[in-house]
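Both complexes shown next keep chain A, but they swap its partner, so chain B is in the first and chain C is in the second.
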Partner chain A sequence: MEPVLEIKGLKKNYKDFSLKGIDITLERGYIMGFIGPNGAGKTTTIKLIMNLLKKDDGYIKVFGLDNVEHELDIKQKIGFVYDESNYYEELTISEMKWVVAPFYKTWDDNAFNKYIREFNLPVNKKIKELSKGMKMKFSLAVALSHNAELLIMDEPTSGLDPLVRRELLEILSQVIQDENKAVFFSTHITSDLEKIADYVTLINDGEILLSLEKDELLNNYGLVRGGKELLNDVNPKDFIDIKENQFGFEALVKDKNEARKSYRDKIIIEKPSLEDIMLYHTRRYKNA
Partner chain B sequence: MNIIISNQSDKPIYEQIADQMKNLIMNGELSESELLPSIRNLAKELQISVITTKRAYEELEREGYIVSVPGKGSYVRPQNKELLREARIRIVEDKLAEAVSAAKTIDMSLEELQQILRLLYEEV
Partner chain C sequence: MLSLIIKDVLVQKKQLIFAIVYLAFVLVAFQGMGEAMFPMGLVAFTYLLSMTACAYEEKNKAELLLNSLPIKRVDIVTAKYLSMILYTILGMFAYKVMTTIINLVNIPLKTYPLSLEIIIGSLAVVCLMTGIWFPIYFKFGYMKMRIATFVLFFLFFFGSSLMTSFLKTRQDSQWVEGIINFFESQNDFIITLVLLSIIVLYMLLSFLLSMWFYNKREF
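On to the complex of A and B.
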């Protein structure tokens, strides 16, 4: 079966930023986390997928179809959630539903009502009166009520408290109980992905730095600490980046077993978090 | 059936799951031909990646503990319990042999070694 999302050589040029020919592939049945610092190109990529921006080069296929040529068909099967509310603030939840529902051929009112109950959403409240978490859940209820096969979410967890974020993660793992569905999820809160993501794609400055199985990343990479004198005779290629302080150094290595072999008990090796991996790759430290 | 995973452990999560399932099969808590939870359900419940649970099941299948039937699920494979036990005993023998040779390098007596073994056996 073809991938649910396939991006090849995607380019978009702005004056001060460009997406430099990125590739992303996501198969059905999986959750991919799309991480990177602010301004790395996450939202630009998502807007290009949704055809809200015009690309300069490359292609985007959703369900095997070109995303511009087949935009309407594709969007019927995409659930889209982004961090700002895109609804009429003056309408209530139930009024807003009547506006949105007719756009979808496969709108499922029962499903919608079920999610509204599950998420504890007050149907008679105006959108502007909802908390940030409620707005996100309302977007999610809409996204899940038309049998979407691909959920695309742009920073759905930013500004939400840990409780709501945890709830969202549970909903997402519920979604992929159906192995026909997939989730593409951008965030800079990497701890959300540490748990449930199957794949992690890291973007920085318009380039994909890595796109791997999350387990592979967390099991192979290592956070290394040691004394500064060690830095004189190390091969800098062994480290993705090094952060020095007065009393020693910390660095990220791609293969912790290799590092253990080369440096043995001169270093301490720990499991990195996705945040460590993101920070070391985006060279925040080097520039500091 | 309990499966408890640790995110801090150095042991990869798929291995933790596979090991625990092996134990459940060995001690009979999971019985022959019993249907296991689906990889997706297990991933959801443990809040981990589907790839992790898939990998655990693949390992269990490769080692002959379970059989996966496409479209149906994974089942505990009928085991020859004697053979399984023997395989486990061999592992114990190997580890003990290692301990013995480590003991001999420091001229530890058999009595001392037995004493340590007894203490450990009662402790763990």
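On to the complex of A and C.
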């Protein structure tokens, strides 16, 4: 079966920023976390997938179909949640549903009502009266009520309290029980992904730095600590980036077993977090 | 498509009431204008509602939403043109109801019936304005269009008075005379037909231009 999302050589040029020919592949049944600092190109990539921006080169296939040529068919099966609610603030939840639902051929009113109840959303309240968390939940309810096979989320957790974030993550892990579905989730809050992502793709300054299975990433990479005296002996090429401090250094290695072999008991190796991996990678980039 | 038009009305329920009150105000306050008061009121009515609908799109960043839903861009553009026609009909209907009430209750106000002439004339003025606004809106968005509208209004009002005085001084010139002769020699039906065709053609052109701009827009 073809991947849910396949991006090859995608380019988009702006005056001060460009997406430099990126590749991403996401199979059904998985959640991919799309991480990177602000301005790295996450939203640009998502807007290109949704045909909100015109690409300069490369291709994007969703469900095996070209995203521009088959735009409407594809969008029937995409659920989206953006970082800001783009729903009309003057309308109530039920009015807004009434506007959006007719566009989806497979709109499921029962599913929508179920989510509204589950999320405790007040149907007769105007959207501008909802909290940020409630707005996100409303977007999510719409995204989940038309049998979407791909959920695209652009920083859905930014600005939300930990409770709502946890709730969202729980819902996503429920959604992904259906092996036909996939989730593409951009964020800079990497701790969200440690709980649910199957794959992690790191983007920085318009380039994909890595795209790997999360467990492989967290098991192979290592956060290394060593004393000052070692600094002169280490080969900088062994590390993704080195951070010196008062007592010695801290560095990220791609293969902790290799590092253990080379430096033995001169170093301490710890399991890095996704945040460590993101920070070291993007900093190397800056220092280079 | 229908839900896009209904959405435009739903987001501005309050403005709709305000626009109707405004129309009533025009009816009372511009008694001195004679027959021209209705076209003027209608243009303001349609302007208010069309612009407010566009303003809400921008305020809510709703273009991101609309273009992420399975909607063709042509439908988004068409819906805006159709809602403009809806407001025009709504304005005419409101005017009709108001004048009927005024006459029934014998309120001492002068009213003018909605003759074909008045309807076509109003339609022409409404189309002349919106036919320029919409392409600008679909190309640049609401904020920039507001500036353009401001300029346009001035050009329109100064332009029309300049045009009138220009025509008056050139009454003897051949082409002005030709046009006047043409209209004088035809019956009302032909004139209506010609004017309607010009309006339709003009709006079609405006629509195609809007479509072309909107297809190229990035959000």
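In this text, the second predicted complex is superposed on the first by the 283 of 288 C-alpha atoms of A that agree within 3 Å, B and C clash if a C-alpha of one lies under 4 Å from a C-alpha of the other, contacts with A are read in each partner's own complex, and residues count from 1 in each chain.
Criterion: a contact is a pair of C-beta atoms (placed from the backbone, for glycine too) under 8 Å apart; a residue touches a chain by one contact, two chains touch by 3 or more.
Just so we're clear, the structure is a prediction, and the values are computed from it rather than from any experiment.
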item: First, second, both or neither for A:210, with chain B first and chain C second; value: neither
item: Contacts of A:123 with chain B and chain C, given as first, second, both or neither; value: neither
item: Of chain C and chain B, partner touching more chain A residues; value: C
item: Touching partner for A:111 - first (chain B), second (chain C), both, neither; value: neither
item: Chain B versus chain C as contact partner of A:72, first or second or both or neither; value: second
item: Touching partner for A:240 - first (chain B), second (chain C), both, neither; value: neither
item: First, second, both or neither for A:231, with chain B first and chain C second; value: neither
item: First (chain B), second (chain C), both or neither touched by A:196; value: first
item: Which of chain B and chain C A:86 touches, first, second, both or neither; value: second
item: Common interface positions of chain A, toward chain B and toward chain C; value: none
item: Chain B residues touching chain A - in the complex, by the definition given at the top; value: 8, 10, 12-14, 40-41, 43-44, 47-52, 55
item: Chain A-touching residues of chain C, taken from the complex the two chains share; value: 2-4, 6-7, 10-12, 56, 59-62, 64-65, 67-72, 216, 218-219
item: Chain B contact footprint on chain A (complex, rising order); value: 29-31, 169-170, 173-174, 176-177, 179, 195-199, 213-215, 219, 271
item: Residues of chain A defined as touching chain C within the complex; value: 47, 50-54, 71-73, 75-76, 78, 80, 82, 84, 86-91, 95, 98-100, 102-104
